[in-house]
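Here subunit A shows up in two complexes: once beside subunit B, once beside subunit C.
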Partner chain A sequence: MNQTLATKRRIKIKGDSAWGYAFIAIALVVFSLFTAYPVISAFIISLQEYRPLGSTYVGLENFKDSFASELFWKAVKNTAVYTILTVPVNIFLAFIVSILILPFKKRTQTVFKAIYYLPAVASGVALAVVWLWIFDPLKSGIANQLISMLGIGNQNWLGSSSTAMFSLVLMSWLSSHGTAIIIYLAALLGIDKSYYEAADIDGANFFQKLWFIVIPFLKPTTLFLLVTGVIGSFQVFQNAYLMTGGGPDHATTMVGLLIFNNAFTYFEFGQAAAQSLVLAFIIAIISFIQFKFFGNDVEY
Partner chain B sequence: MALFNNNFRSKWSLYTRNGLIITFLILFALATIFPIYFMVISSFGDPVEAGAMSYSIFPTKISFESYKFFFDFSPHSYDWLLNSLIVATVTMVSNVFFATLAGYAFAKIDFKGRNVLFALLLGSMMIPYQVTQVPLYILIVNIFDLQNTYTALIAPSLVTVYNIFLVKQFMSSIPKEILEAAKIEGCSQPKLFGYIILPLSKTVMAVMAILTFMESWNTFFWPFLVTNTMDMQTIQVGLKNFRFANTTYFAPMMAGATISAVPMFILFFSLQKYFLEGVTVGAVKG
Partner chain C sequence: MKKRLRVLSLFLAVTMLVSLLAACGGSNGNSNASNNKTGTNNSSSTGNNTSGSEPEKDTITALLPPVSANYQARFADMEKEFNELYPHLTLKIEPASWEDMTQKLDTQVNAGSPPDIAYIGSASISKYANLGMLLDISNALTDEMKADFDEVPYQYMALGDAQYGLPAYMAVHSIGGNKQFLEEAGIDWKNVQQNGWTYEEFREAIKAGVVKDANGNTTRYGFVFATAGVTSKDYLSIMAKSAGLPDYFDKDLKFTYTSKNFLGLLEAIRQMIDDGSMPKELSSIDAGKRWNMFLTGQTMITGKGLASFENSARLNNEKIKANDGSAVADSIEAEYIALPVPSFNGADYVPTTVVDGYVTFRGKKEPTEEHTKNVALATYYLASGKVAANANNELFLAPITKSARTAELVEVYERNEDNVKADEIMMSHALPNRTDIPTELAAEAIKIETEVIIPKLQALLAGEITPQDMYDAVKAAAVKSFGEDGVVVD
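Up next is the complex of A and B:
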């Protein structure tokens, strides 16, 4: 009796696991072919001088070339500057806005959430095209008209190496906080009211509640936004590609753009693969550091 | 009681505070949507070269000449929209189906190697896009020789790891008891999936469908890399071509940008709930 039950159960589990494999089969094929294989392939290509008909093995030459190249380090620096100027500011803006939305009715909250999220729905190419005209260097350009009201003279926004990076940063400040606002707001609504009640009994004011309740509670959310924000920002180059082409004088060349150009403008696939692996390494290190410093009491 | 103190001595100080906050929020909202507003308003201008024109923040006239100009730019401009629609629709349908299947299996079926495989998928999300970009291009274009085909545009995103992750997170909250009860009644896994899991997962499937469609519609670099004739390009690539060919035609460029963005706005406003929900699904723990 016992034995038959045992075999029956085993058969059942066996049947189930066969279905398990069947259900993930397509996903696994797509993953192996278009993600796993390319990753392995990237390592191989990075050690080669890639030619469509017969590549030659060059060892670590591609990596050495990249590390010796001034442009590569400039791109790394640009990417770091862009990330430092955009990610924390966008998170801070999103934090402030989501706190300020909180006292209003659900309907009002939804309206504001929708408005702030709208740029995330628009295609990146469309936004890039619009911002190109906002940054029109002529006197009649929108951005120039705005700053002339403040008494600042005409700027050549994207066309001058001193302002090009700032222009891209400004664009990010005004168009990439929607997601973070929604995520923060969801987290804020998840804080139990009893905490505030206890604080009220103790006579805490608004800023004390913010400091001792809200900020600790939002720490996991902030860490999530920080890590994903930095990872995303290190890869981003669509605006640089479409709006400045990395110029002027490589002032806006990001690592992502450099890799793209190496691969698809100069067809130096080996070089591009090597640099992409360095980028992956940098991102991994930074994510690790962020978890180490900010994540000691956050579980994922 | 809440974070904000609402017990003011007089009603007026409450109104003043809320008024100040609303003003700030509205100003920030205006700054956020200004580029989009500017894009739509300007697209109704005449298709003349920008030269000495001045941009106006308020619409002076409404003409559809610039839209005509944009569509006349290439005989394939309508194909761009059609291609985008085809690619986004196929990607969406296949993601909803296959990611739901896989997400269910990873969440609720016990099979050998499940955790290792899932960890592998999760780990791959950390790898930057640039790493796979070059080998993927070589694979599709040089090895499979698929340049300029729908297969090339669609295949790499048939099922994305992110979507599998999304479904798995969602399915984890479905109680195991329901499934066990059904199994005791003799329900097979495909039936279980069709009759119990799918009806319970409508929300996550809707969220996934919308986000995948939008992602696919808005994507630029991959279609840009694997297409080389205008008839196979998507609207985003077409818009980029238009911009480089007509650097001084301001209004038609805004018309093109509007055309590429408006379908997503319509989708967004009609299915707002799912969009906003989708943002938080992957982010908030538990």
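Up next is the complex of A and C:
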């Protein structure tokens, strides 16, 4: 009896499903090597004092040090402030731009989509160089020339604690909405025209259609953009690294930058791994809360 | 047909996966060659060469940035010449940009497979030594090789009794002025070059260098130093050297930035901005910006200065004269005058000497005696003779080896004799490197520097905290790290 079952299983694997297993094996190997292994490895390293010639086990010391570090909590606070200031505004801006593009013909929509997506294709370093030029602290700087027209004096945009975070936020507000715009436009095009026609018959104006048709239909899209936006924002590194280096006085030190510094400036890989796991945990909690409170009536 | 397509798809997918893994998993050929050879030597050939048998073949890898204008263009010749000198050895040079250099090296070091030789600053030696990844070549260098080097730069590549490489050059970080503006401000720059100046004299001089327009707006500052980001570290450390704080630790290994000299220096740094001699936006001015300000006549003195800046200014002057469009926009003809930094708190002038060089690394496997000897040969080849002479010449720096002083130069550059003399005087005040500071103390000091000193300095420059606030913050961090007994109290 057992022998028969084993033979049947072998036959089954040799059939169509064998090809399936073979194909998913490739994805599985890639996932195991480049996602699962680094996560497990990060966990192991977080319990060690890492040295290339032989690490030593230190238990939860790296976690304790991180929780006791004022700088770590300051970086968490900075990251949270940056996220709160950028993600909702970026989603709102992408939504507005999508609504403005929607009435155009398909070809014009494509042109606008391409234009808005362009910064995402450009190198982040190149964009940072342009923004450094805009935030030139002297009078010749573009941002300073603009505000001088409003009678406001020279600002040390990236060099002052009071303006450095705002400068990074402004940079986020004014760049890279392309992906969100494309996703919003796809969702807007998916709303059946009959809803608008029914609203027209009922005499609904533009804002009523927006409130009662568009926004409810876009809720799953908005939730998706919110969750991915918050995850991306909590992992922000490049802008702070290239624009301010985390300064002045750690006013723009984000968790991602702190982890990078611990790993590659001080070679404290154990602490960097511990902090990256704590960051992953924070992101997971926030994502859970977002789904819990905003995802109740969202269907996928 | 269907089956064939399946097989083809699977084959393509597996090929993709294999190529992906091959690209990620393989270290470069240079490292492999070197490591394999090291391993082979380890197991079979230690000491063989001393018995008179044929020396074993070996490959030495070097990660080198564009040290000077034509340095990387000579790599092929260097590899060839080294192989002619030592037929059993192959020197494989991997070029790297300055931007990539640290990251590339750090990645290789932390993976346990660094190159045998890397061109970095001597200040980084303690960082890598702390990881146990440096190779001590003191026993592999012959007395003749050691005697070729000037003593002070040679020491910079040492830590304790170990010699972790050989120096390529020693340069003084100074400041530089526009000759015309210095004279208009009534500054006897020749006297300053020869005898130095105190902070009080310097403060008055840079005040005199400020020019304002009819509306009271500053069109030229007296002094602009790059302080944005990491350059703020240079600003503070260069000034601190001549403020009675030549190092983070005194001879008793007590942290010095808790002394009142540090507070005095911070007050001076703030004063120069408050006087209007330096821009209030100083904390955002990077190295490129302040050099642009020098060439466009927006500052009388700039920092930090290197000997090669004289050449940069001269080249720009030639472009202006020739109406060449590649001259810096809005630039004026400016003759660069090298000047020493002022001395603060009545302390002696101590220049910041920077020694970069060829640091020697080891991999996970214990290097054999023979491989260590071969690495020493390659390091010496790069740091001396013709190779060093031409690199130093292109950087406007005096050679630091006897063999480089007598070596043939590819090109001879025009130099300002006053600047040459000034550099010699500044260099004569250079202090020997401290090799007695334990790596753990040095690492802790670097952490305080990055987490407290630089951020607080940025806030001080931006006018957000007072010198006393910064002093208190640094003192608190130092006491936390080194204890009450581990810091200087005066």
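Keep in mind that, in the parts below, the second predicted complex is superposed on the first by the 283 of 300 C-alpha atoms of A that agree within 3 Å, B and C clash if a C-alpha of one lies under 4 Å from a C-alpha of the other, contacts with A are read in each partner's own complex, and residues count from 1 in each chain.
By our rule, a contact is a pair of C-beta atoms (placed from the backbone, for glycine too) under 8 Å apart; a residue touches a chain by one contact, two chains touch by 3 or more.
Treat the numbers as computed from the prediction; the structure is a model and nothing was measured.
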item: Clash-or-fit label for the pair subunit B, subunit C on subunit A; value: clash
item: Partner chain(s) touched by A:V30 [first = subunit B, second = subunit C, both, neither]; value: both
item: Which superposed partner A:S276 touches (first subunit B, second subunit C, both, neither); value: first
item: Contacts of A:A126 with subunit B and subunit C, given as first, second, both or neither; value: first
item: Touched partner set for A:W19, first subunit B, second subunit C, both or neither; value: both
item: Touched partner set for A:F267, first subunit B, second subunit C, both or neither; value: second
item: Contacts of A:T83 with subunit B and subunit C, given as first, second, both or neither; value: neither
item: Partner chain in contact with A:S161 - subunit B first, subunit C second, else both or neither; value: second
item: Partner chain in contact with A:P52 - subunit B first, subunit C second, else both or neither; value: both
item: Superposition-derived comparison: subunit B or subunit C, residues of subunit A touched; value: B
item: Intersection of the subunit A residues that touch subunit B with those that touch subunit C; value: 19, 23, 26, 30, 33, 50, 52, 136, 264, 269
item: Subunit C contact footprint on subunit A (complex, rising order); value: 19, 22-23, 26, 29-30, 33, 50-53, 71, 135-139, 154, 156-162, 244-250, 261, 264-267, 269
item: Of all residues in subunit A, those that touch subunit B in their complex; value: 12-13, 15-21, 23-24, 26-28, 30-31, 33-39, 41-42, 45, 50, 52, 97, 99-104, 110, 112-119, 121-127, 129-134, 136, 140-142, 174-175, 177-179, 182-183, 186-188, 190-191, 193, 196-197, 200, 206, 209-210, 213-214, 220-221, 224, 231, 234-235, 238, 242, 255-256, 259-260, 263-264, 269, 272-273, 275-277, 279-280, 283-284, 287, 300
item: Subunit B residues within the subunit A interface of the complex; value: 1-6, 18, 21-22, 24-25, 28-29, 31-36, 38-39, 42, 52-55, 57, 98-99, 101-102, 104-106, 109-112, 114, 117, 120-121, 124, 126-139, 142, 155-156, 158-159, 161, 164, 183, 188-190, 193, 214, 217-218, 220-221, 225, 235-236, 239-240, 243, 250, 253-254, 256-258, 260-261, 264-265, 267-269, 272, 275-276, 279-280, 283-285
item: Interface residues, subunit C side, partner subunit A - complex; value: 6, 9-10, 13-14, 16-17, 20-21, 24, 103, 106, 109-112, 127, 130-133, 217, 228-230, 279-285, 289, 364, 443, 446-447, 450-451, 454-456, 458-459, 461-462, 464-465
